[in-house]
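This report concerns only the one structure given below.
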Amino acid sequence: MKLHEYMGKDLFQRYGIPIPKGQVAFTPEQAAETTARLGDVVIKSQILSGKRGKAGGIRFTKDPVEAARITDELIGSDLRGFIVQAVLVEEKLAIEKEYYLAVTIDRENRCPVILASASGGMDIEEVDPSLIVTYLVDPTIGLMPFMVREISEALALPSELQKQFQDLLQKLFALFSELDAELVEINPLVQSGAELIAADAKITIDEDALYRQKDLPSVEERSAAEASAKDLGLAFVDLEGDIGVMANGAGITMATLDLIDYYGGAAANFLDAGGGAGEEATTKALELVLERKPNAILINIFGGITRCDDVARAIASVKRKKSIEVPLVVRLVGTNQEEGWDILSEVGIQPFSAMHEAAKSAVELAARERGSV
Amino acid sequence: MSIVLTESTKVIVQGITGKQGSFHTEQMLQYGTRIVAGVSPGHGGETISEVPVCNTVKEAVEGFGGEVSVLFVPAPFVKDAAIEAIHNGIKLLVLLTEHVPIKDTIALIAYAKQKGTTIVGPNTFGLATSGLSKIGIAPNRYFVPGPVGVISRSGTLSYEIVGALAAEGIGTSSVVGLGGDRIVGLDFIDVIKDLEQDPSTKLIVMIGEIGGSAEEKAATYIKQHVKKPVVAYLAGKSAPPGKTMGHAGAIVERGKGTFEGKVKALEQAGVSVATVTFEVPSIVALRLQNETGM
Amino acid sequence: MKLHEYMGKDLFQRYGIPIPKGQVAFTPEQAAETTARLGDVVIKSQILSGKRGKAGGIRFTKDPVEAARITDELIGSDLRGFIVQAVLVEEKLAIEKEYYLAVTIDRENRCPVILASASGGMDIEEVDPSLIVTYLVDPTIGLMPFMVREISEALALPSELQKQFQDLLQKLFALFSELDAELVEINPLVQSGAELIAADAKITIDEDALYRQKDLPSVEERSAAEASAKDLGLAFVDLEGDIGVMANGAGITMATLDLIDYYGGAAANFLDAGGGAGEEATTKALELVLERKPNAILINIFGGITRCDDVARAIASVKRKKSIEVPLVVRLVGTNQEEGWDILSEVGIQPFSAMHEAAKSAVELAARERGSV
Amino acid sequence: MSIVLTESTKVIVQGITGKQGSFHTEQMLQYGTRIVAGVSPGHGGETISEVPVCNTVKEAVEGFGGEVSVLFVPAPFVKDAAIEAIHNGIKLLVLLTEHVPIKDTIALIAYAKQKGTTIVGPNTFGLATSGLSKIGIAPNRYFVPGPVGVISRSGTLSYEIVGALAAEGIGTSSVVGLGGDRIVGLDFIDVIKDLEQDPSTKLIVMIGEIGGSAEEKAATYIKQHVKKPVVAYLAGKSAPPGKTMGHAGAIVERGKGTFEGKVKALEQAGVSVATVTFEVPSIVALRLQNETGM
């Protein structure tokens, strides 16, 4: 779960990490008030994406009236596909130097990793890797002071900043670890006068740990369909194409999408109904796919724990309840396959055995459907 | 510990009294797996499919000789149960559970490394040595003995491919699910080493997907050390970047772990990469015939 | 540093470990007040020693007037060599069963160890070791829930108490670990009705960690001499004999005491002046020994880092300032030995080379001194 | 790593710029110890007795090849400095500092065990292989080469006994201080194993004291595995129970670690136990002559 910058900065403050003076604003009046208090300010659109500056989402002013006008303009606007709901009004910092500092997870080494660079302020992907200090943290001991000294050394940090940096990184790591974060990023970490200040805050919390992080604010970045799939315990991703997909298992669902792509089609969604989905879950999953109004639907079930008759019953019942007007292609093999095929034939569906044949058929039927609309 | 099981491998089931635990205990027993005990705190003294239930792993190990453990335990309790197993000397631990917090996975893998325990998963279907022993939730029917070792990041996709091979009369030696999470205990490379040594395995099939660098690392290793033919299929070619495709680990982040990068690395290592799943059996059959005379 | 029972129970409360209702009392009035509130109470003398019951330090009443009388009697009395400063007035518990539970440090295995027994209420040394569950805690992972389950199992704890025990032991271990304790002991841990309650609390904090445990109450159990030695950075222990001892290094000081014992004498104190004591520290150490009014003083210096001339100057200056009336025996070898001997001869002291000869002489001179008094 | 040093053992000094650190660096250099670098955060680039100072152990190891480290660091910082050394691959670490919190000692010893680092101390004078290399704060003059290996829980008592041996013309091979704390990295047994193997050592002297069970464990080991003659002296015979005698570890607790128990165990293992210090040289001389012909 990604947090908005202002939420991240609230957490920074809770952990004692220096942040600029400022206040989140949901209305032009609030922005004007904060500007009147702080003078020279920066107004930053709160969206869950970087590169806000280039998209016009970051503005400067010292005039409260102007601040209100800017805020009015930004809130509700669409920035890079996100609707701005709030702005963060902050004092404009005098910047001597910009650093980059992040804690995230290293897949390969299976441990937290600290990334630091004296080339801050730009996307870390654009920084020459040789200018990034990458420091793996042994999870059995956590972040110790000597590690921060090694990082300072590698960064060639000026000695007058080392104590602050030590303190700040220890706190940032504590936040990362205690709040089950996947990523905490400060970019830029600004040297303003003799002080290090977190000018930005990007925090992502491990969704799987949210059950034990009750104190965190909640941010919903999913589409409505993705959210309701999540509530059903299904993995759902909205895509750009027109073939609705449902399969069981993440790998087989991806492979189904790849087959659609291979035959020249495009999937409307990714939907993994799970390895052991019963009749009810399958029904709900199918309804979700239908809501996307696809030109064809491809169901790909390789039954193992999942029983083909359960899936067939779910398809049949949905087909009976709602009139499904688009072509429905089903591939159904595995446990209780014959019973499943019998049930489907009752509602006029002739299943496939081979997934590639089913995918090919779905692509052809969707093309025909598109043509007929 | 090698991931190649034998019929005498002594398995314990943690969380045996739950719905999934009891169902799959029965399935594993039917396959031939030697389950010596189950663990379920507060249920000591009960039996599940005639398997005795203990309150602690300690008892299951000391009293019944458990060497390998499989966990049917909800995500919030996986860390404790896994460390219990490792602490009590379990040498191979299979973590089926999805949605384990990543911090917990990191902690338990670090402890396993200290103690020399092999972790399979989390978020895996398990592993099987065909005809001898199966640990996890894979359906029994497709795992018929044969010359192909399979390593996979995905469950149903493994069944699909193992099933397609079986339909062509090609059986499997050992099949190992690495797990779909971002952090899992095993890399392809760890299992490839075992399969390269395993006399029953003549050819290796890798079922990978986008995200991470396990396939790329495997490619480097294969190029230098592996004599047996390797065939790969990779899922996620058409997946958009930045989106998690079902598996927490199946995500292209910051330009890393792309489909194209993995295919290139594998092909440079002499691995045959199938474009779509249905190509796998024919490629396998061809390379088996050409390179091993089977 | 040992804590009084009532302090330990305050800490238990802070960590959520159940304790009996009660209140410390420093005056009879306070005790009466608490008794009036609680009814049937136990009044427990607060001293840093076990076995208070047998010494009459634990009393029962339900009458506030009687409680005041008991408290008046106990406070100021001498129990096993300790002067009672306060009593703890607590509700009398209905006891179903008594357990023993402690966390301490295992020297041999270099880790925390949990000791638990279903035979609580008596000194753990008196319990058959086969009835004590000894559980080593791997310091790299700490106490995990499964470990508590293993302990419950080994204790054959009734299943209805297991959840409480799990909770209680996790909290006790957290206290042990976070407060740098060397020992936390609950004896007895009482089952009262369906509840587990800590009926006693014995906590010892690692003295070397007190610098980072500022929130703890402070308890002084040293004698005045031991305390002032501690302030000087010297290790001092009051003993029963009449030969004052000062040496450099704990091992050599112990060996000096053993030699005195070997020759039939008895040391008045243990004083390790440290491996590198200079003139000032040596002077202060010597003054401490003098305050004990011994019948002879034995100084045993094997100079390595310690310089013999520094020690000799300290001895000479003390001898000049205060008239030392008891025999002063000095063994002085090592760095700058000759200069040291010269300085001592100026104040009429003829040092020894061999420590056993010096010890023998000190024992003889003390005996003569005793005879002459 | 063996505790037997050679003249080529590359030593680094953590806390080299402090008063104690700089003084003893000079002393060690005079003895012949090969000190390749010092570490003192914020002092990188300086030199102490011509030894280059680094900001981190990493630099001292990577730039100067440090293998062994000795810490002159105040108690509150010992844990960090020690783990820094272990983390950076130091294989033998000498902790001189007294008053290290016991929780810190436990943590650093556990980490050392994980990484295979040998910890000497805390609260030790260090160790020396006579004539070749000395690490720590023992006075240089008494360590003359000879056939006696010495293992001790006490500094000045070691100098006393090593000095008395030297006065009788009996030199030492290696002298190791285990440390006076309740928890230390080495037991007698660990060093006895090394000295039993060490060709320079013909006889072993153990200098123990009351408290703990290191002497008793050593006795059991000696009885079974040690061929070389062993002589012991134990301090604390006259110490009252329950009192800490200077060393945190020198305390008889709950009837354990008594003088009598230790003497009995050692004598049963064939160890000659001297009643008082001055007996040690004559017993050593006798057993050397009788059993090794020296």
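Labels for the chains are A, B, C and D, by order of writing; each one numbers its residues from 1.
Note that a contact is a pair of C-beta atoms (placed from the backbone, for glycine too) under 8 Å apart; a residue touches a chain by one contact, two chains touch by 3 or more.
As the structure is a computational prediction, the values presented were derived from the model and not from experiment.
Trainee: If you apply the touch rule, which chains end up adjacent to both subunit C and subunit D?
Mentor: Touching subunit C and subunit D alike: no chains returned.
Trainee: Which chain lies the greatest distance away from subunit B when centres are computed from Cα atoms alone?
Mentor: Relative to subunit B, the chain with the farthest C-alpha centre is C.
Trainee: Could you compare the number of C-beta pairs in contact for A-B with that for B-C and name the larger?
Mentor: A-B
Trainee: Taking each chain's centre as its mean C-alpha position, how far apart are subunit A and subunit B in Å?
Mentor: From the centre of subunit A to the centre of subunit B is 27 Å.
Trainee: Which whole number of Å gives the spacing of the CA centres of subunit A and subunit D?
Mentor: A distance of 56 Å separates the two centres.
Trainee: Any chance you could list the residues of subunit D touching two or more other chains?
Mentor: As it turns out, subunit D has residues touching two or more other chains at 107, 111, 114.
Trainee: Can you tell me which residues of subunit C touch two or more of the remaining chains?
Mentor: Answer for subunit C, listing residues that touch two or more other chains: 138, 140.
Trainee: Name the graph shape formed by the protein chains and their touching pairs; answer line, ring, star, complete or other.
Mentor: ring
Trainee: Let me know each pair of chains that touch one another.
Mentor: Pairwise, the chains that meet the contact rule are A-B, A-D, B-C, C-D.
Trainee: Which stretch or stretches of subunit C touch subunit B in the complex?
Mentor: Answer in residue numbers: 138, 140-141, 144-147, 149-150, 153, 159, 162.
Trainee: In their shared complex, at which residues does subunit D touch subunit A?
Mentor: Answer in residue numbers: 41-42, 44, 55-59, 80-81, 83-84, 87, 107, 111, 114.
Trainee: Once bound in the complex, which stretches of subunit D touch subunit C?
Mentor: Touching subunit C: residues 75-76, 99-107, 109-111, 114, 125, 137-139, 152-160, 163, 180, 182-183, 207, 209-210, 212-214, 217, 233, 235-240, 243-250, 254-255, 275-278 of subunit D.
Trainee: Can you list the residues on subunit A that touch subunit B in the complex?
Mentor: Touching subunit B from subunit A are residues 105, 107-108, 110-112, 124-125, 138-140, 177, 180, 182, 206-209, 211-212, 235, 237, 239-240, 247-255, 257-262, 267, 270, 272, 275-276, 302-305, 333-335, 354-356.
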